[in-house]
């Protein structure tokens, strides 16, 4: 009889519930990880609301910290009992897309590398089956706590990639629109790449305060000041070298373009719905040497190693992002709090 | 009394006429070039139609081939009587944007490097004043005719930049939407960068025939076959690595995105008007690692030297693009033919 | 009892002999390929001469064309009987180095991706065991013969990478020192990336003739003309943008540096022995913004797919590189001919 | 009669003396700057010792902070009395090399952009003639002192470029060999680009202490510990992603290569003399996918603007580098102290 475990399961739009599910069996190239800490992502809320489709019965979650419980026969270089994280995106490393440098689009399918809590069962559970384990299990350096590395699998990797895809250079002026967890990590990433004037835009004072700690030089509350006008004023009309979109709305996307200098890069992280229009005046009718680049969270064990090294070196401290703690048994309460953005929540830590 | 010359002058929307204008006087960093051959660009037609605003009285044209008539006192390295071309875009080389690698956006203004026939007088005249002459005068190698280098200042530089900005790699699959002069040069440029399967889309059989000569492996007449479906079919659903937009319409832009693989680059050359919308399904809701990049014709003497070397080496033969010849006196007829795209015209050569 | 096959085996310096060896058994992530055509590489000659150490008993060869005989249980996406090639370098795709884009240095070890005929048995045999088969088996497109794709696994991939690592731009001047099979492919690759003046240097008239067919604009016989002086003369003292070293000697390396412009790239493909010294005058004492880059043959199935597409598109025809044919039974004769460079040999085709 | 000024003049090897020289006259594209602060560079010591040849009578120095005294007629965008710095390298912006992105190799000549105190008179004087002033005068932001921006023209630009040319990525391990002023700036630059483990090597305790403040995670005194063995030990044999050479000796160059992982970048800043040999074992015989890149101090006003923005943002504080102060009258004493590296000197500030 199958060993059972608790897991947060998507049942139907509006309902993610705690259920008993069998502990997964693994194949030769896979691993089983016992989850010690995980969290909820904005994408999970999209799933909860039925805005992003996953099949009913799917275990949700893609931000695992845990311990190796079992290794497939073809997985080398690890031992059972080892503390690991796994990226939200789990590239196979061996398909044409991965070999060509597009690991997040594994298999040549859009979002193909995003499996956990999407096309296979995810991490909001007691155990997690990890595909292509050799490419994805990443040992946690000694001395780092679960919470310190909890942002690595998704939020930190995504936010930093906004700065990286923006090809920030030393001395760049950068604007980051929205300072939720991803925007905050984009701000930290922009500083880490050498941006020297960072404009961070949001409306929540606590988020703007965290933003300043993570690297923002100027914070703008868009409910009080028009951020486009303000950034253009503060840059003497020059605009920024790189604008990072971290929300996924027409307005923030468009504002990015409006503060961008000719020749600048709009680095987009948000998930858009409905319609997205390019304002041709800000886009110089297509003649402004603009670049618009979108990036899905980079994964794989080398990426995770690098991010944990950022934490271990003390370069960036994302500790303040975890504002609330829940047991896995309380996962429904956690979704309730997080999906309604109550009580100043940034990220929650969930421990089975 | 000022020496006079003939020139094609924008008077008002619908009217570009041949007028007598004074031969320009030059300053210390400028040069005067006697035009021997020039041409009309699609942008000039936008000006003619009042779709792109220039001030009445402006001499039109930005594709000069000629001979140095006079050099400013601070211009070194040239001699009078030397055959030269000048790029459509004339970067100063010394502003922050130019020094930062954004030469087309000279001065930090969108399209700032485009001066000829836009913010200063242009090349459809007997003489042309060249600003920042040290950065822009480019000697024509011996043995090349005016017509052989006539495409370098704009069409060839623009089209090739579509391939370059697309960051084509050896073995890439590339689609080029529209095979007017710029699209044809994009096709030639894609081949020159190592694309090995090039899909070229247009509806004019003559253009598709030229396209095949310049490098297209597959040509698609969009009036007969849906190019998106066809390209996806021929690539087994994979899509292309790079899609080049060379027209400036919602439909071609959108088709580019629809044939683009996740992780691919949409390299846009067209001038858009009205509205431009990103279809979110093809854009993977912002999660497909897509890049959209726009490029304004690169200029400056080093760029021009490189393009003329392409011609001189025999790598690319753009001779077939010049389909009609006019004297400057016939410039109004030339506009009439070119703006109505009559008689299979691709490009005209105009000689004062 | 093990099934037996014939194979070219390294016994000791000076001796590579045909032996009977067991047909390899494969594991779950591996494949067995029946070789239909293979060849001998310059590196094999280094092994033969004892200049590159491999263990006695090793089957030699790393350029396989063949048919899938058997697939491991964890290998998906292929079928037995499929025609394939495999790159000389077989990256695992899943280690930190591979995931970080350094596939040839798989495992973080120098040359770590080069396994065939080095750390595991190679392709000069009737059968070949392919590690990490999902990442490395590459179907041959219909219509291409064995000989047409025989250069892809090593020579073509290596030579092209010389052009790619040189970051050639449209209009570049490029020098390629030595026109053996790798240098010839570097010449073809330089043309394919948009170099418009290619200087090819060698002393063998037949090689220089092939070089001109593959893209060289100027060929220089170094026994008759000093290539450094000649290239500087022909470029008016400017030098080349990119110099490709394709032999592995102090003299060719140094000559590359001497013809290189400040800011240029020396792309090195050769295998050096003994000592290698940087001439500080040509190196501008370390202040010339020079780049020296070495590249080991890129492998993996996506690379192989791209190279076969180059062949299939007709962009490059390497057919003339195969000058001699042998049966596997004659492999010792083949080594004798090839290692002494007799009879104008460029590459041999060996068929079991 | 010419107005006279004091200046440090190279007379012959071993002698740089304070002399009276005429205040320079300027041409239309030039500017005259009244120097308020300048400094001595290691290169000046090479000149003093006769190791780098400049013509007798040349005013030395290339690190100017001052006030615009006079502007040429063709220089726009500045006003007299404005506080400015000028980079050590003064690109023209308009030659083929500058337009092609090789501004330090202006004119296509090695080191062509280095004019001050080399091919034209320099900044250790009361006044300085600035060539191509539009490209090179950089206004100092309000609130920054002379000493705060004194490192920008050379040391900071050079050191940072070591990190930039190394193409450091987030999470990289970086070694910096030598922690003189340039090495210290390379360390600061490596941190600013996202390196998370920085090994800094020197023997002077005070320099290692400054190094830790500027970003070094691990400092190694090479007189006590073999830095190659130590770095390999601390990285578990992996080596570093990027090694920066900041001294110019065979030993530091070679050590860089020995700690470099396959696929890594050796970013070289030092000025070498005598002979430089590549150890082939560490260079993997040319098959390790290594890159060696040299960089001459980037100049031009955009570069200077960016560096001053780094200072203004508080990202990096180089204040501790200025250890000694002299009046211009004491310049000979300053050379005596600096050239003998007495009294823990890092950099001196010289004020006319």
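Structure notes:
We call the chains A, B, C and D, going by the order they appear; numbering starts again at 1 in every chain.
Note that a contact is a pair of C-beta atoms (placed from the backbone, for glycine too) under 8 Å apart; a residue touches a chain by one contact, two chains touch by 3 or more.
In this text, all values refer to a predicted model and were calculated from it rather than measured experimentally.
Although subunit A and subunit D share one sequence, what matters here is the overlap of their interface residues, and that overlap exceeds half of the numbers used. Here C-D and B-C are compared, and the pair linked by more C-beta contacts is C-D.
Annotation: 39 Å between the Cα-based centres of subunit B and subunit C. Along subunit A, residues 100-101, 305 each make contact with two or more other chains.
The part of subunit C that touches subunit B in the complex is made up of residues 160, 164, 169-172, 189, 191-194, 196-197, 217, 305-307, 309-310, 312-313, 315.
The residues of subunit D lying in touch with subunit C in their complex are 97, 100-102, 104-105, 108-112, 238, 248, 261-263, 268-278, 280, 283-296. Only residues 27-29, 73-74, 91-96, 98-101, 103, 132, 134-135, 300-303, 305 of subunit A touch subunit C when the two sit together in their complex.
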